[in-house]
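Have a look at this one before I ask anything.
Chain lettering (A, B, C and D) follows the sequence in which the chains are written, and residue indices restart at 1 in each chain.
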Amino acid sequence: MKVKFFGQLAELAGVASLDVSDVDSVVALKKWLGEKYPSMSAIGYMVAVNKKMAEGDISLSAEDHIALMPPFSGG
Amino acid sequence: MKVKFFGQLAELAGVASLDVSDVDSVVALKKWLGEKYPSMSAIGYMVAVNKKMAEGDISLSAEDHIALMPPFSGG
Amino acid sequence: MEKVRKIKNIFTQGAIPASFIGDSIQKHATNHKIGGHSIFLGQVRADEIEGKPVEAIEYTTYEEMALEKMHAIREDIFAKYPLTCLHVHHSLGVVPVGEICLFVFTSSAHRKPAIEACNELVERIKAELPVWGKELFADGHQWKVNKP
Amino acid sequence: MEKVRKIKNIFTQGAIPASFIGDSIQKHATNHKIGGHSIFLGQVRADEIEGKPVEAIEYTTYEEMALEKMHAIREDIFAKYPLTCLHVHHSLGVVPVGEICLFVFTSSAHRKPAIEACNELVERIKAELPVWGKELFADGHQWKVNKP
């Protein structure tokens, strides 16, 4: 699945997006991210699945578009 | 004393100002106006004495500047 | 530090041009302490009164009293809110429908004071300034009444 | 009558020029049902962080999601308030201090709906749109944090 990084998360990851294949839920994805980018968990990011905010755990499939978003700071 | 008419009151009086000499208080002025311009009392105007709103009765002297003002409708 | 502010003229003959509003915004680009601006614009509306559309509003004022009152309102608002700037412009004379007759503009470091001050200014200007609007039709007029 | 509104692009590359705001106001002169406009402008402030002044903010977004969210907010606001118009413009990329990065513009027959809708839009835009600001110094940056 395609995972996009926004704002400070893109800076921490050093990339704008990644293809991730070995996770099947939001919780599994966060665990995977925490291992790959230990500094990311301190930021308290939100996860959107197909442009909708994911609340709690939801399962993910290969076609899903995931966005990892730090707190918004527009305006 | 100089008495200025504003808004609809100037239209009713047909003049922008008058010199009035035979009244010595706001109440007396209003009575005089009511006799001279009977339609004026229906409008519910306010009286300013020297640019300050007059509340209740106050005495007037020849040097005072009086303004007769219908409800405000700016903006 | 107490600042002594002079009495400013707020009155403009006729409508307030949209370009004047744009220019006024542009002038604030040099103040780098500003984070938010709030603007209210009053525009002359073509109300229909018994089938007759309003074509313009003609404004008159008791100018000396209005400017003293506006000065007092301005001082109150500056004392109440941490503003960097506060500007008020009101038309006199004839303003055709679709044109701007009132321009209230507040600025502050953070958005809330600018927004709250702008709202309070609009309410106070309408309630407290000795200004009168006459709604003009093709063949007559009626005196404008402000709703609270 | 239910109106189906299209998803509009709200994003502008760089600062929003003051002249654009003036032109936008001017365009509303033809709508004679409007009696009041409310405008909020966000301007980039030269905050000092440990003695270093912010020189610009660089904005990025998750554009597809932001536009869908803005569309939903717009529908909510039109359903809640009797507005004639509602316009939102937000900058992307680098906006120097003193320049405008957010322009929210509402219009209605009477002032209260325009004012309340404008305030609600500003709060929702800041809280709900996936947009991020990076505060740029001469020799570094930090990520902007919005206060509630």
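Side notes on the structure shown:
Criterion: contacts are C-beta pairs under 8 Å (C-beta built on N, C-alpha and C of every residue); 3 or more make two chains touch, one makes a residue touch a chain.
What you see is a predicted model, and the numbers here were worked out from it, not measured in a lab.
Think of each touching pair as a link: the shortest run of links from subunit A to subunit C has 2 of them.
One simple way to say how far apart two chains are is to compare their mean CA positions; for subunit A and subunit D this gives 26 Å. Separating the CA-averaged centres of subunit B and subunit D is a span of 48 Å. Work out the mean CA point of subunit A and of subunit B, and you get 72 Å between them. Taken residue by residue, subunit D touches two or more other chains at 42, 122, whereas all remaining positions touch fewer. Shown for subunit A are the residues in touch with two or more other chains, of which there are none. Interchain contacts (touch definition given at top) occur between A-D, B-C, C-D.
By the touch criterion stated above, subunit D contacts subunit A in their complex at residues 42, 59-62, 64-65, 68, 90, 101-102, 122, 125-134, 143-146. Residues of subunit C that touch subunit D in their complex: 18-19, 21-23, 25-26, 28-46, 53, 97-100, 107, 109-111, 115, 119, 122, 147.
Partner subunit D is touched in their complex by these residues of subunit A: 4, 6-8, 10, 48, 51, 67, 69-75.
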